[in-house]
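Below are structures written as structure tokens.
Two complexes are shown next, each including subunit A; its partner changes from subunit B in the first to subunit C in the second.
What follows is the complex of A and B.
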């Protein structure tokens, strides 16, 4: 952590000296990017993820069928030149609804992860920086949120949010994912606030809130990036599980979870309704996990995972 | 003293979590709706009287219902379910079901995971290691729901292919089966194979990865080198010195997982039709059973707390290095 801080400090120095220096010391972000791209796993994961994103957003344009369209001449038909992945019991084209479901799952995963990590960073940093009463209150709230059974609460709240669309659902999912990261961030903040540059900023009269956002949180960026990536896959899994039981995304919206719920009932007799959406879900989560683990190895010096 | 304060804090947290769940359930769930479909339609007075009896009447102010509920809780009584049965009795029955399910699932999964993980660490980067880490990575990327459903689908397929009902995937046992003790036991095992396997696969992946990392840490340490330097065989050094030390964190991890799983196997239980604690989460919400929801939340909160508390204590007990203060 102090290394990157020194790097930033020296970078601003060279910048002030004119910036024409050829041996420019790379900034924090280019270092992070460099280590990221050197990991083969990250590259593979990113490539697969990009492919999936492309498929989810460009794929539907290639199909002659629309999302709302129903083919009343064919119910539960296997894949054919007309319907690339077959049709479901109401004559919807599975190719198109699977890809639209994939879109929703990707968006939900990313949004939840970003919100979760942001909340965790802010709560943890405030608790760790101010300590005393702020810390007590925030950590107590964190413990309480950890004890509350998240699945149960989400399922109870479901009737209340049924009509308010999936954005509210995203917020609720995020509301139950930030606790453990917040505790980690708090621990790191307690050690970070003893660094010289934080003292320097403090003696110059920078306000605590500004210190947190300008100095503390940016210096934990590697932890936060790794954590956000891991949160993407857990958010996708949570969304799938809730939607499977009907407590998540609602019709007319589809997500991979609702499709799996539909397909699993007829998986033996009509396997195409189950295989494609499940396969896509597994590939999606695996791609995200590959990125996450590669990043953890590259960015986290404490990571001891020694995978091939 | 530290312990007492920590326990008191736990009790307060558990109480607050349960209260929160109760209030949330009491305001959003609607037990009255359960009577709307009933034939013959009961009159409103009848419904009111019944709801009053269960302390579920939405015409009574929430504060009054809550006070009544707290009074019951103080004596350890979670009240009555929507069907008028005691929530406590149902909880006892369901905990038993969950225990039967997760005991085998977690033990099988954890033991096989530990063995494979430890062996993989010894043979690091060999074929076995690569294959097992790859498999663990794959399984960890598959949601529990999907594992359970896929197994069920495969079982249906095998059943149909062979024409025999080898696997059962609905409920804990066939009701009304008259086949003597061994027949009933066989029937239960038939039902238990799939959900146990579904749980064990997930646990296997988590534990093999965890154990492999722990083992790798230990294998590089000085005391294992010393053990080999003083003339122990590799096998003895690994088993007596490395594996034993590497098991300490895994055992505490197991305690933690076991506690969490007690009420956390919602998906497996629900998909295979086992009426345990996990499926109660969904059942109680679907039947608008406010008191049951509160009871489940309380049980889950206790599980989480107990799991982390016991794993901490166990860790300090097994590993002297952790006993700082």
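What follows is the complex of A and C.
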């Protein structure tokens, strides 16, 4: 991403003796990073998220059981030295399938968030920059997508996309998550396009598309980053709930949603099938939210925590 | 495609998939010595008590899985096992069965019944006291009208979709000595005649197609039984039947029975809350454990007149080849599948299942032969022989460039079927068959997928509504259509002339020993032709209020509604 024009020059750091020619100007991002990292919740969130990612990718390597392996001698058994988190109804080792499910949920959450925010940025910026007909058409599509009950549509579309794998599922999830951000981006674009540097670019003959991608969108990066982070958790929740109802990830793949669906009906009698996957979901979403909120506060000049 | 569903068969099938719950093993499943064998399971477990010892009054809340809209059992839409449970409390039937499957005339309606030497003539002596709730006596004409309509001979647009087994073998019905004696003339002997008239309707509702189709729609206008209809509450999805004071038989001990509709997953919870007094647990481990949390719960265990199996649709390209069907059979481990479902309910995880005979019957035996145990190597050989070869490095077998992919259809929200599908998926992958699991809405499962043949594999239960083996003819025989090919209730959509001949022999056989011998021969032929893969005999596990008497796991026996009551 290109640097924005809003660089803050720091007098004190210029022209140091004996130094190289390199002039260190703390960029906006290092300020943000600094503010962010000073907050304990962001640190906690980051630490937990890293831990979860490590668990999801390294954890399965430690398991004596394979992901596609079933132990036909132990169905629905509680945790034991042999099966660390117990087994499920078909003899799968819960330790490995929970971690693999976590992996899938993290990937889906991240992908959906990135795609959602990218779509929102492009649609909103084009609508706000060009206004008139482009704006009408794009906002009409946005409003339409807003009023459609996304869950129902996904459930109805599901049979058609079932065989296409989870990537298509990611795209569909993203297709119903971008609208509100797009409206915010549109509003910001309308005000940004009155800025001098945009005028300058225009008078120099830079094409509108280039202006949008070089000047408008990069200037909203703080908003977009916060939005993407918060979208991660809502995407994880959306994925989980769709998979819970059987409209998402399909066997033999697992996600936290499919595991919770299995565990919830036997949570009282066979708690180990429910507790671990649900616990991981809660921890994951909380970690992402902590980071997201920390970022938002760090980027928001009005925020109290930034001044603190 | 025309779907032929007689009450006896389709109804139970539908009920099955819905009644089956999730499964799984339990902590206690490991101790091999403690696990009983199939032979140890009782024929019935009903807490039998003398009527005199029971208190008068009380209500039984019976949880059922479907709310019925069509109370004409013989109508295609009324073909549900739950319907039989409700209707038999308020409608006449000719015979009751004990838990060994021996029929006895149900005296309030039929005092005596007999068959002549060659099986061509059956005589019922009716109870002259019997009358419909509209005051009309129940006479031979009611029986005759039911035969004429269900045999398909009455002209008109009846929604029953074809002639029903047994009824179509009756050539003529005539009055005997008086209007309370019925004589049935069979064109071919039908050894299972006591299973007919499991629900009898007044003649007006059999003679007129409009009355047949709509008279019992969302209503039970005319009754004759120990109970009468109190309320059919569509909003609350409850049917309440109350004691009928005009009843001429032994008065019902209970004041009323409420059939309350619940999701299968919810039943254990409401049972523990004491909102219901009885529900079918089946092989759902969570329900099984949960139900025992109620301090006055009794878990009734008995054999059940059905078996769970993987249906293999021979109408699909790849599966039309018997070798491929056998490869599927050998590719899956029936032991694993049985254990996955049965361990959690402390039931012998024995995959021995006979399609025609139950484990409490003397002739019960395993006819699986060479096809019963998992043998991936043999399966691979069969597939190679059938032209489905595994290319170097490929995971899925191909033939003429086409992959061997089978679609396993499961109803949504039913963990058992999904578990079976996932295990099958994994085990068949090891022999190079790819299984795709297609979860469909449970309401569409039978109507849109199974009956229409839109599946390669699926699993559910076949339940017999009478103890007779011959009623399964429509599940394994065929094709039935005249001219066009019609597989009706034969969901495997395959059969052999030999199987059809054996069934003809079976229903005419009057010697019990030879009868069961033929039944076993048929089962063997069904293994040979790979018509479905039996997984295990269905469990008859019920959770009931411990004070409830003469009710529970009924096995093959009939529920005698007037005798159900509470102990003091």
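In this text, the second predicted complex is superposed on the first by the 279 of 308 C-alpha atoms of A that agree within 3 Å, B and C clash if a C-alpha of one lies under 4 Å from a C-alpha of the other, contacts with A are read in each partner's own complex, and residues count from 1 in each chain.
Quick note on the criterion: a residue touches a chain if its C-beta (ideal position, glycine included) is under 8 Å from a C-beta of that chain, and two chains touch if they have at least 3 such contacts.
Bear in mind that the values here come from a model prediction, so they are computed numbers and not experimental data.
Engineer: Quick one: is A:149 in contact with subunit B, with subunit C, with both, or with neither? Answer first, second, both or neither.
Structural biologist: Only subunit B; A:149 stays clear of subunit C.
Engineer: Look at A:72 in the shared chain and tell me whether it touches subunit B only, subunit C only, both, or neither; answer first, second, both or neither.
Structural biologist: Only subunit C; A:72 stays clear of subunit B.
Engineer: Quick one: classify A:133 as touching subunit B (first), subunit C (second), both or neither.
Structural biologist: After superposing on A, A:133 lies clear of both subunit B and subunit C.
Engineer: For A:61, is the partner it touches subunit B (first), subunit C (second), both, or none of the two (neither)?
Structural biologist: After superposition on chain A, A:61 lies in contact with neither partner.
Engineer: For A:289, using the defined touch cut-off, is the partner it touches subunit B, subunit C, both, or neither? Pick first, second, both or neither.
Structural biologist: First partner only.
Engineer: After superposing on the shared chain, does subunit C or subunit B touch more subunit A residues?
Structural biologist: B
Engineer: Check the residue A:204 against both partner chains and state whether it touches subunit B (first), subunit C (second), both, or neither.
Structural biologist: neither
Engineer: Would you please give the residues of subunit A that touch subunit B in one complex and also touch subunit C in the other complex?
Structural biologist: Shared contact residues on subunit A (touching subunit B in one complex, subunit C in the other): 245, 268.
Engineer: In the complex formed with subunit A, which residues of subunit C make contact?
Structural biologist: Residues 22-27, 29-30, 265, 285-286, 289-290, 333, 335-336, 339-340, 343-344, 412-413, 415, 418-419, 421-423, 425-426, 436-439.
Engineer: Of all residues in subunit A, which touch subunit C in the complex?
Structural biologist: Touching subunit C: residues 68, 70, 72, 74-78, 87-91, 162-163, 245-246, 250-252, 262, 265-266, 268-270 of subunit A.
Engineer: Contact residues on subunit A for subunit B in the complex?
Structural biologist: Against subunit B, subunit A makes touches at 143-144, 146-149, 151-153, 155-160, 233, 237, 240-241, 244-245, 260, 264, 267-268, 274, 278, 281-282, 285-286, 289, 293, 304-308.
Engineer: Over in the complex, which subunit B residues touch subunit A? Could you list them?
Structural biologist: 13-14, 16-17, 20-21, 24-25, 28-29, 124-125, 129-130, 133, 137-138, 140-146, 149-150, 152-153, 156-157, 160, 213, 216-217, 263, 266-267, 270, 281-282, 285, 293, 296-297, 300-301, 304-305
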